[in-house]
Amino acid sequence: MAHHDESAAAPLDAERDALAGWIEGGVHHLPARVYYADTDFSGVVYHARYLEFLERGRSDFLRLHDIHHTELLARPEDEALVWVVRRMEIDFRASAKIDDVLTVQTAIAALSGARVTMEQRIVRGDSILIAAKVHAAIIDRAGKPRRLPRDWRDAFAATAGSAIQT
Amino acid sequence: MAHHDESAAAPLDAERDALAGWIEGGVHHLPARVYYADTDFSGVVYHARYLEFLERGRSDFLRLHDIHHTELLARPEDEALVWVVRRMEIDFRASAKIDDVLTVQTAIAALSGARVTMEQRIVRGDSILIAAKVHAAIIDRAGKPRRLPRDWRDAFAATAGSAIQT
Amino acid sequence: MAHHDESAAAPLDAERDALAGWIEGGVHHLPARVYYADTDFSGVVYHARYLEFLERGRSDFLRLHDIHHTELLARPEDEALVWVVRRMEIDFRASAKIDDVLTVQTAIAALSGARVTMEQRIVRGDSILIAAKVHAAIIDRAGKPRRLPRDWRDAFAATAGSAIQT
Amino acid sequence: MAHHDESAAAPLDAERDALAGWIEGGVHHLPARVYYADTDFSGVVYHARYLEFLERGRSDFLRLHDIHHTELLARPEDEALVWVVRRMEIDFRASAKIDDVLTVQTAIAALSGARVTMEQRIVRGDSILIAAKVHAAIIDRAGKPRRLPRDWRDAFAATAGSAIQT
């Protein structure tokens, strides 16, 4: 029967870190399990559910860069920001099954004033199941695109161009 | 109360009526198809997806009573309202499969100042697949329960106690 | 090819036709409502849920061509077939909101021996919210790609190249 | 920036253990993050998505008892088994929000020949957000209820009656 390491000094914090994955060589890695809810009657993961795994990867990538959805939306009315996906290109190369442990990989591929292009993979061991290119932007309450804050761009630029496992 | 209006001149409106189902003997009926996204790897509909079908039934029941989620939330800040589910009791009696055409049945079972109890069924032909009792309430932005507006209670009372197919 | 048949004697069948949409000028149209379950906390439809709307469109497009998921999977073990999505390119142009009535448009863009490329739109009135190109294929139980049956190709070819509303 | 413990002897296994939660005093605990996909336009988690969190808890509770969905279904045709939910009673006491870290708690409340009753909670820190009673059973391919294997009952019995945090 599995246990968490009882000797860990701060179990709660360790938990939260584990939940958010980690960055290595500019690539964010997030482990995730496949549950019943993710599958469909053909026996494998339903194609649109892979996008939820990808979103978790992007959200935790941002979280580790100290960018939080709640804070963005809680800013004063005229500064509130929301991330939006503008375009996705997704290759569904192979299928994941119930009980599988997957890793979602996320890296910055390109940065412009108002757009971030991310490259993402969902892998199981050495196999790439899903490869995606995601074009995201931030908009304000009125739906207008806004420039990425400079400190984000600096943080992202540091990792941009990193090679994702291919 | 809206009905399938066979005489409707405008096809678009007829479409919208069809989409929202109809009320007959106090019971709202909403036809709904089972798609890939609703199923899981065991071959039938994933248990939590039935709750989405039930929600569609409740939302369209309200819609035919001229109660719209968007309007409730768009009211002035201190009058904005949101429906919340407080408690559900759900019997999963039989399973639905891909391509099935189901009917969601919704009726008011009881009304109090701040609560509505609804009885719901998901049926396929003569078979009851799901039977649920749903306790709902409305809350304001601060999360405080609010009394149901009198005109809603009057409208609901007119149909309350209707016998749902059992 | 099924149509909204106004003269239908049997309401149940009319219902089923209504549920599956209709084909006009080679383009399949499926009306669909946005419910709570489709939205996220940013106030609009969650990006991955649009893929569920698109899947409903493709499934009902096939249904009106008399191709049914259940039958494909129920064929003798070595002839069982499953549709799979190989690649999607999706432009998220504008957002849908709770209570919106959308139309999912689906048309064949190209056919090869083992692949179908579909063009899809999700529109609200005159606005295109989502534009997608979907590359699908059929595989057998072993995961091997299989040629599309000739009668499907003939049926699809008849509608291929149809102009989707742009 | 968070990292996994590099000194861990078997990082992959540690990963898998961390993902499946842990059992303490007969109660299974599974940490889980709230993402965009879990929320709805009212700003909090969509009610039916809590059932997905509960399912993850039950699946990982079983996993730590060495019961795996894939193995159950992969047994010889006439011994294949699937878990089904027969009835749920769910109290939605308070709401979870985007970015929240929740813990799903799962314990056996009662055992009969063919049924397991589980008590589940979703908590955030000291607050109980969701309390549920779940009646589950196992069925064979023909949909017939089957007795729980003796070794499962022994394993469950060891933890049955454990006090869940209330």
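Letters are used for the chains, namely A, B, C and D, taken in the order the chains are written, and counting of residues starts over at 1 for each.
Just so it is clear, a contact is a pair of C-beta atoms (placed from the backbone, for glycine too) under 8 Å apart; a residue touches a chain by one contact, two chains touch by 3 or more.
Just so it is clear, the structure is predicted and the values come from calculations on it, not from any experiment.
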For subunit C, the least number of touch steps when starting out from subunit A: 1
From subunit A, the most remote chain by mean C-alpha position: B
Contact-richer chain pair (by C-beta pairs counted) among A-D and B-D: A-D
Subunit C and subunit D: spacing of chain centres that average the CA atoms, whole Å: 34
Length of the line joining the C-alpha centres of subunit A and subunit D, rounded to whole Å: 24
Length of the line joining the C-alpha centres of subunit B and subunit D, rounded to whole Å: 28
For subunit A, residues contacting two or more additional chains: 36-37, 41-42, 48, 52, 55, 69, 97-98
Complex interface listing, subunit A residues touching subunit B: 36-37, 39-44, 46, 48, 97-98
Residue ranges of subunit A in contact with subunit D within the complex: 1-5, 15-23, 31-33, 35-37, 52, 55-56, 59-60, 63-64, 68-70, 97-99, 101
Complex contacts: residues of subunit A adjacent to subunit C: 41-42, 47-49, 51-52, 55, 69, 73, 82, 84-92, 95, 143
